[in-house]
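What follows is a set of structures for review.
One chain, subunit A, appears in both complexes that follow, with subunit B as partner in the first and subunit C in the second.
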Partner chain A sequence: MAANALEFRTCPITGKKVYATTQNLIWINAVTSVVFLLVGGLAALLVLLTRWPAVHLLSADLFYRILTLHPIAALVAWIIFFEVAGLYFGCSVLLNSRIAAPKVAWLAYFLMLIGAAIVAVQILIGNADVMFTSYIPLQASPLYYLGVILFAVGALTACGIFFGTLAIAKAEKTYEGSLPLVTFGLSAAAIIAVFTLASGAIIYIPTFLWSIGIIKNIDPAMYRLIFWAFGHSSQQINVTAMVSVWYLLAVLTVGAKPVNEKICRSAFVLYILFINMASEHHLLTDPTLSPAHKIANTSYFIYMAALASMIHALAIPMTVEVAQRKKGYTKGAFEWLTKAPWGEPGFPALILSLLIFGFIGGITGIVNGTEQLSIKSHNTWAMTGHFHGTVVGGTTLAFMGLTYYVIPLIFRRELIGKKLATLQPYIYGIGLIIFTLSMIASGTLGVPRRHWDITFADSIIPFSFDPTAILFVTLTALGGLLAIIGGAIFVGVAVLSVFFGRKMAPSEAKLL
Partner chain B sequence: MAEERHEDFPAPGSFVIIVIFFITFVLYYFLNWKWLSMIWNIG
Partner chain C sequence: MAITSPETYWWKPADKEERLWITIAIVWCLILFTMMPLWHIVGGQNPSLEPLKIRPTDYQKVSDAFIEKYKIGEEAGIPVVKPPDGADVYLRGQMWNWIPILELKKGVNYKFHISSVDLMHGFSLMPLVMNFQIVPGQDNILNLTPTSSGTFHIICNEFCGINHHTMVGKIIVKD
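== the complex of A and B ==
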């Protein structure tokens, strides 16, 4: 923390300057993110073992408490702490620049940490059984909302540090030409983050005032509209950051370079302009907005963002294929893929993340977001399957893959358990494929999301699902358990390597 | 007159993957409309 702001080393692999202040900030944010992933993963295990009728572990009260904690830890804290580490990497290391206002960056970190800790504690002690969405009129304790606000302000400050560092790098001419594609993508993520976090402030500040009695009434429909400008847009930050990480993993694993950078950059611009339209998916069954408004946003404008994803979805395998073909893997249509470095954790993480995000999360997202089709899947487990395909199979897996390179390159520690690290993306990815597909199938058969007991044992009016639905619920649980084992391996390898991995001398620098 | 030379598409494997993706998308989209028509009869 007390490192000299101008002290740096030059990475012998990448030739990039790694400033000590940047390295410390990346370290603390990345380590904190993994701690929250552990919390979120444990919560996931408890939720999963309760939703599985054969186990039905927790009482109803505890279930909804843990179901509130799970997304706060796994969807918000793990991912945003990691993204902040990614932003500092993108603006400082990739641009050879010192970081802007390192003390303010530490302040941002502590705001986020204190905010996240307050929120987690408030949930665990039973002061915020309001689920992730905290829909009005459900009311949590004032400290819960205050924690969310502190976290959002910290994250917003981190975005400011990112933009400030871009300005310093430009002024001090630390790089030549345009911004590197990865930094450009992270800039798009940061711009979306500013809109997202501002929306969070707009809705959480009055909700906090409502919780302490200063504001008497908040309109639930207005709350839902602005909440989702925060809630879903935060997932768009994840998508944009994930795509940037895909480009980075393509470089790190096979030395790939984009075939046409201009098209890739224009796809990121499409994200900035249109991806927030996806937030309105959550309001498709609300009576407040007109059908014309809903259809214009979610059945037309959103396709501009889908187009951007399609561009990236073609560009990334294409960059890998072109790089592999240059190495001589030209036989048939797929020798470039079969001869790829599948034995390094980064490559399967990249490909599985790409496939799960595109084939499962992406396709179901477009279908669920269609005005007419949404009525069929709204509030079913199919929705949950969709966003576990995007955020867990896509974003989390990509971030895990990158971590295996950050540990030796930035933290200069040798990986402990490299064989386990190599297996981890497969275990996690295959588990998630089973988990998400089964979840979508059971949701399509009517299984509701968020429900404590789908056997409806205490219900006055008896109801039972078709046995096929229960079969898919069981498969969801088995796939989820496999994914949790994969997640535990990641946390184990990352934590052991960061704290106990052998320190590497500069001359020993290697990718893995 | 020199004949104009067209280079081969540099990533045929990626193109195949994208075609598979597109077919999957079209099938799933169609199936969902079919399921909707089955559970929400009109007329």
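== the complex of A and C ==
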């Protein structure tokens, strides 16, 4: 924190200037993110062991409480703290620039930390059993909404630091020509973040005023509409940041170079223009919007964004293939793939993240986003399976893969437990494949999300699911447990390495 | 590399493979885009076409009147209602029941008005797995024709408080 704003070292591998102020900010945000991942992962374990009918661990009230905490810690805090670290890396390290207003960046960090802590405490003491969505007229304590607002203001400030640093780098000519692709992608993520956080302010500030009695009425249908402009758009930030991280991992693992910068960059622009419009797909089975409105937003616009994802889906494997072929792996159609660095954590993390995101998260997203098919999947576990494919199998796994490079390159610590680190993406990825596919299968059989007891033991009107559905729920639990083991290995390796890993000498050049 | 500025002018035309892939993707997007409105014409199952606002208190009144008019009995304390053919049917979500239990006739079209008088609820018709968001203040109007007889259940799949998981309703369809 006290570091001189102009003190920097040069990275022996990439030749980039790493400013001490930036390094400290990346360190604190990344370490905090992993702490929240641990909290989110523990919550995931408790939720999982309760939804598994054979175990049914928690009581109903505790279950709904922990189910509210899980996405706050794992979806909001882990991912956004990590993204803030990523933004600072993209604007400062990649552009060889000092970071704008480091003190304000620290303020942003503390706002986010205090906000997230308030929200987590309010949930744990039972003042906010409202689920992540906090649909009105369900009401949490005013402090809960205040915590969310503080967190959002902090995140918005961090985006401001990012844009400020881009301006400084340009003015001080720390780079020549266009932005690097990764920074370009992160800029797209930051632009989407501004829209998202503005929507969050539009809905959370009145909701806060409603919770303290200043506003008497908020229309629940309107709340749902604007909430999702925040709630789903924040997932679009994750998608955009994750795609940028994919390009970055392709560089770090095989030294890949984008095949066509124009195509990649245009795809990011499509994200900026269209991806947020698609957030209205949450309202496909609501009686609020007209069919024409739904078709325009969730069909036309969503497919423009899907097109962008299709472009990245070609561009990333293509850059990897071209880089590998240049190294001489040209035998047959697939030597470039079989001779890829599968024994390094970054590469399997990249490939599994790409496959799970695309084939499980992405495809189900398009399917569920169709008006008529949404009737089949709305509020079932098919939806939950979809977004665990995107934000866990996709974003989280990519971020985990990147962490194994951040530790030696930015934090200058040698990894502890390299073998475990190499196995980790496989364990986590395979666990998630079983988890998400079984979850989607349960959902198509009608298993509801956010439900304490699918045996309906306490209902006045008896109802029971087909045994096949229970079988898939059990498989979901087993896959989830495997993923949680993978997650625990990640947290263990990351925390031990950051605090106890051997400090690397300034000139030491080593990726892993 | 993606972490450095492009060395040269980068606004270059796409390769043949890239163009082919993007063309396929665009064609596929257009097919999907066409299907969504098309289902409104050729498909039998679509979300509500008539967005309508209704005050929860007003909805409570009409649904109570509906129950009183066509009630034929009670089961577990919940009224059983048999509406006449083609009638407007009111199905109310409230913490933590779907009211009333409905007795319908196979092959007859009913205009359903589903709404909530308190929190959000999730209408999930089992075992068909058809789901609709039920929002207080909004009337979810659906034209439903039962095409098979038997007992159907409605579970709630939107969190609505501590006993959410006990919320089950019933529709009996007779030949």
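General observations
Here is the rule we use: the second predicted complex is superposed on the first by the 512 of 512 C-alpha atoms of A that agree within 3 Å, B and C clash if a C-alpha of one lies under 4 Å from a C-alpha of the other, contacts with A are read in each partner's own complex, and residues count from 1 in each chain.
Methods note: a residue touches a chain if its C-beta (ideal position, glycine included) is under 8 Å from a C-beta of that chain, and two chains touch if they have at least 3 such contacts.
Computed from a prediction, not measured in an experiment: that's the story for all the values here.
Once the two complexes are overlaid on the shared chain, A:444 sits against subunit B and subunit C alike.
Of the two partner chains, subunit B is the only one touched by A:337; subunit C is not. Once the two complexes are laid over each other on the shared chain, residue contacts for A:460 go to subunit C alone; subunit B is not touched.
Note on subunit A: of its two partners subunit C and subunit B, the one contacting more of its residues is C. When the two complexes are overlaid on their common chain A, residue A:358 makes contact with subunit B while staying clear of subunit C.
Once the two complexes are laid over each other on the shared chain, residue contacts for A:325 go to subunit B alone; subunit C is not touched.
In the superposition on chain A, A:195 makes contact with neither subunit B nor subunit C. In the superposed pair of complexes, A:366 makes contact with subunit B and with subunit C alike.
Contact with neither subunit B nor subunit C is seen for A:163 once the two complexes are overlaid on the shared chain. In the overlay built on the shared chain, the residue A:263 is in contact with subunit C alone; subunit B does not reach it.
Comparing which residues of subunit A touch subunit B with which touch subunit C, the overlap comprises 259, 314, 318, 366, 370, 372, 375-376, 444.
Contacts from subunit A toward subunit C in the complex involve residues 14, 16, 60-61, 64, 94, 129, 131, 135, 137-138, 175-182, 219-221, 224, 247-248, 250-251, 255-263, 265, 283-291, 294-295, 298-300, 303-304, 306-307, 310-311, 314-315, 318-319, 366, 370-372, 374-380, 444-446, 448-454, 456, 458-463, 466. Contacts from subunit C toward subunit A in the complex involve residues 1-7, 10-15, 17-18, 21-22, 25-26, 28-30, 32-33, 35-37, 39-40, 43, 45-53, 75-78, 97, 101, 118-120, 122, 124, 126-127, 129-133, 135-141, 153, 155-159, 161-170. Interface residues of subunit B, counted against subunit A in their complex, comprise 10-18, 21, 24-25, 28-29, 32-33, 35-36, 39-40. Residues 259, 313-314, 317-318, 320-322, 325, 333-334, 336-337, 358-359, 363-364, 366-367, 370, 372-373, 375-376, 444 of subunit A touch subunit B in their complex.
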